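Order as written gives the chain letters A, B and C; numbering starts at 1 within each chain.
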Amino acid sequence: MTGAWRKGAGALLTGLVPVVLALAFSTLTLLVMGASPLRAYGSMVFGAFGSTAKFTDTVMAWVPLALCAAGLLLTFTAGLWNIGIEGQIVVGAICTTWAARAWQEVLPRPVLLLALLLAGMAGGGLWGLLIGALKTYGKVHEIFVGLGLNFVAVATTNFLIFGPWRTPGRATMSGTALFERQAWLPTFPGQAVGPVELVLVAVSLAVVYALLRGTRWGLSLKAMGRNPTAAHWLGVPIHRYTLMAFAGCGLFGGLAGAVQTLGLFHRLIPAISSGYGYLAILVVMLSGYRAVGVAPVAFFFAAITKGSLQLPLELQLDSALGGVLQGVLVLFVLLFQGVRARRKRWAQGE
Amino acid sequence: MKVELQGIHKRFGPVRANDGITLTVEGGTIHGLLGENGAGKTTLMKVLSGFLAPDAGRIVLDGEPVRFSSPAEAIARGVGMLHQDPLDFPSMPVLDNFLLGRPGGLLPDRREGRRQLRELGAQFGFDLDPDVPVAALTVGERQQLEILRLLSLGVRVLILDEPTTGISAPQKASLFATLRRLAAEGMTVLFVSHKLEEVRDLCHRVTVLRQGRVAGEVEMPAPAGDLVRLMFGQEVAGVRRGTVAPGPLVLKVEDLTLEDGRLCLEGVSAEVRAGEVVGLAGLEGSGQRPFLRACAGLLRPRQGEIWIAGERMTGQPYARFLAAGVAYLPAGRLEEGLIPGLTLTEHFVLASQGHGFFVDWAAARDRAQARIREFGIRGQPETPVEALSGGNQQRALLALLPPSLRLLLMEHPTRGLDVESSLWVWERLLERRRQGTAILFSSADLDEIFEYSDRIFVFCAGRLTRVLSTSETSVQEVGEWIAGRGEEAACPLEVER
Amino acid sequence: MDLGFAVAIVASILADSSPLVIATVGETLTEKAGVINLSLDGTILLSAMTGFAVAYTTGSLWLGFAAAMAVGALVALVVAVASIELRLDQVAVGFVLTLLCTDLSSFLGNPFVRKPGPSVPHLPIPGLSQVPVVGPVFFDHNAVVYASFLVIGLAWWWMFRTRPGLVLQGVGERPAAAFARGADVRRLRYLYTVLGGALVGAAGAAYSLSVKLGWSYHHTYGIGWIALAIVIFGGWHPVRAAMGAYLFGTLNTLGSLLQGVIPGLPTQVFQATPFALMILVLLLVTSGALERALALFPTGAQRTLRRALRVSAPAALGTTFEQE
């Protein structure tokens, strides 16, 4: 009995140590800036949960993060680094915007919203497919392709906002013209968040979980990620599944972009992705690349991100502290895993 | 320098590579080290040259016991090894390779290096251009460079590991002349090889290793038969499990030529019929592996044609080969066939590609359980494959093969297995043979090849040098063919790099 | 276009590219030893901010550069420990560090945004800078630009003309062979990773104190990734990497010029082009299209061309090496 307790306590301890270290690091950073850590953390908690509006804002941040993380589970399982997720969000948003501007007068609301979401997914999916194709046939590492295409996507967004989709006579940094009301996702009365986004998150996580655990395709991805040679030997079509993984992740990224456009901003703005793609990568890393942990970790990170927006208002600190906290947490978790693995190797007398 | 190895033991997991080897070499002699693959020759020499630390035993040089913690230390004490694939730097020029690693100040003295290279080269008749990248040299020239380098560092014990693999005849003659001269000047030379003719030609004394132990020591000159007997053991009467009349043509290759990393295959033509068992004999790196992988569809030949059951399969994707009833069993169980981290059930699910999109895990587990029982695998459906023993991993690999096959290609089907598991594996294989599957397998164990094959393909230096019918030959004859009797060709691809 | 204008353009290209040159040479050394420091973009941002902040606060440019180099070395040390000691995935660690350092630079750099600060003074070399054409191009710059020239020369000299440099080449190409010749592969990997990191740190300071003065949100965003791509493009050779950096600088400058000349072209094209180019170049290099293009040339020319364009990764890049 004590053995199990000790093991459990040990696991909890090793799980907590990186968190403690991360907090220590960010506290140090705050002290360097001459700020009070307690006030800063308090301000962040307030910023995330301080009022109903703030809470729903956190939820609204959670949605794209969880969607992207769901998609990234596919690529990470296959052993691929889809840094291009940022671009997939952006392209999804662009496609949704284009579709909204084209169809918002024409289609009845339910059909319109469905079409807009699909347009976003299609855009993200194709953008992901592009990365996959360049990797499979051009043999360029997906990191460089993904990053490069991210920048291209952002530049395209800027071009569209300041160019063809510019609203004459308005300050254009705030993006394109607002969509008509029927192109807005429905919300709960008086809130910013609505049922559609929540359902999408639940469905996405469920779908990814089902794909990875319950299908041959998901199992094949897992095999590819662990041992591509053996997977090939067993008959897994590696090239085809790589493309599918990238496209699949792109679908979720594009959906996130669509949700941002339709549910939050109701137009296309330059910073439409808000860095959620990169953050989702951190979320997946921290969840141990498993679907189960994604929702809570994503919520935790969304709270940090939203909370940190309070800092410039109350304490004249840059909100990037949230990113610092998130980054340093993942870093310490990684380092700790490395230390544990090394200890195990030494115990086995390597 | 007199070299003594006393009671050297070295294990890699359960494998005893060196099992108490004692060996003495007098200074100024050329001593041959003969044996099959896996006999322990290379391991022993790596111990002597500082690459490996022995588990037990000691090394004595000129009466003084020494211990090396790195190859550089060994060189400092005068022991240098020329590896079969020289440890050099292909993209860097010859001169830099010559100089790299020498102790000295900040600036290498290139002029001095050139002078040494030229002079030493002239002494031995080697002509090396200092400014050419090593990748452009032939294997023979790379060896020459490495020999010169070791000489310039003042080694007094020179170990050569299979030096004549892949060099031309004139280069070989030049090498032998060099070695004789060095020995005459007091160098101790250890010549590791599997080639009987050369060992008999060059060495003063020969030690034969077999399965990690010294099988015997022979003073040269001695008849080849003595050496073969020591290397391969006594002759085994050709016992086989019944005959099956060969059926229609299953595999036909013509003039197959290809490269697989550093291994190569040149101009191989052969035919195999249904129900035949063919053993591929030959030492590691002679071409069996590229041959098997090409016939399985995993490698694309540079030249030549492959037909499976009359259908032209050259250049077709792997999936087509699988569909045509061809299967390949890789030698590297965890590297090439099994996926660490996945369970047995998951492997069986993966192997049944095209059986539907969704996986019924309960049914899959039952099916896995049935397979486990059928193949006698000691493990559960949820056991991750890396937790299985080697023998059980092999059983798992066999269990992953489709039920009926036209052609089964296997690398080392019973490597690392105990006798019981090996017998069991062959029972299953012979069952398939009765159903009409043609089986090709490579093995380092001549006994196994003789026990089960109808015909034997002998591979040497990338060529299929001989096709023998098992009932019409003997272990001794096959051993001689493996050791290089008759024409021998250097691997032609080294010339154009 | 008259000669004076062209000379001025070339001089400005050399000056504007100097930080990128320093960064790519530094990362080339690191990768030559076999370690990928993927945190480059974040490190450059963080060290640019640090360099500016320290120089601004203390008034000393030297301290600013020193602080920036220390930051670069520190981040690289984390990468080194993670890869060499802990055998973690270099891509994962590098990526996390990029995000972390980027956010750190935004947070800590907040008070310094858009503050006018010190800049490296112009330092024309007396006499030489008067020489027609060559003078203004090479000898009419500030200390940072001269340093960038020096870095190229030093790196080349070190790698190809000294004994330890030979060992470095060997370690990257074939650590087992280098070890067999007495090289302490682990120690060397640490050394070159940290050294490369210090150079990257210097490059960051070179941005905020010389080329793109001051500090602002995401001041040099994206340049670290371009540097990583140039290392590949340059075939892990310091001089070729530097040439890649200058090429990139040239394209950038041409882009700005064109922007003025062709009114209809949207500015975003120029924001996107560096990265599209990066993909294109890598595509050429890794996909084998280069090989196929080479095959079109007569065999004699092929050999020389191939030698000039030889792009082979240090064979052991990104892998772990177990020293027995």
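Some notes on this structure:
Here is the rule we go by: a residue touches a chain if its C-beta (ideal position, glycine included) is under 8 Å from a C-beta of that chain, and two chains touch if they have at least 3 such contacts.
Computed from a predicted model, the values in this text were never measured in an experiment.
The pair with more inter-chain C-beta contacts, choosing from A-C and B-C, is A-C. When every chain is reduced to the mean of its CA atoms, the largest separation from subunit A belongs to B. The innermost chain, defined by the distance from its C-alpha mean to the mean of all protein C-alpha atoms, is C. Rounded to whole angstrom units, the spacing between the C-alpha centres of subunit A and subunit B is 49. Subunit A and subunit C have CA centres that are 30 Å apart. Rounded to whole angstrom units, the spacing between the C-alpha centres of subunit B and subunit C is 44. In the complex of the two chains, the subunit A residues touching subunit C come out as 29, 32-33, 81, 83, 134, 137-141, 143-145, 147-152, 154-156, 158-159, 162-163, 278, 281-282, 285, 316-318, 320-324, 326-328, 330-331, 334-335, 337-339, 341-342.
Residues 38, 78, 82, 85-88, 91-93, 95-97, 99-100, 102-111, 222, 225, 228-229, 266, 268-269, 271-272, 274-276, 278-279, 282-283, 286-288 of subunit C are the ones that touch subunit A when the two sit in their complex. Against subunit C, in their complex, subunit B makes its touches with residues 51-53, 70-72, 75, 87-92, 96, 99-108.
For subunit C in complex with subunit B, the touching residues are 161-164, 166-167, 169-170, 173-174, 176-183, 310, 312, 324.
Considering their complex, residues 298, 318-319, 322, 328, 330, 335-342, 346-347, 349-351, 353, 355-359, 361, 400 of subunit B touch subunit A.
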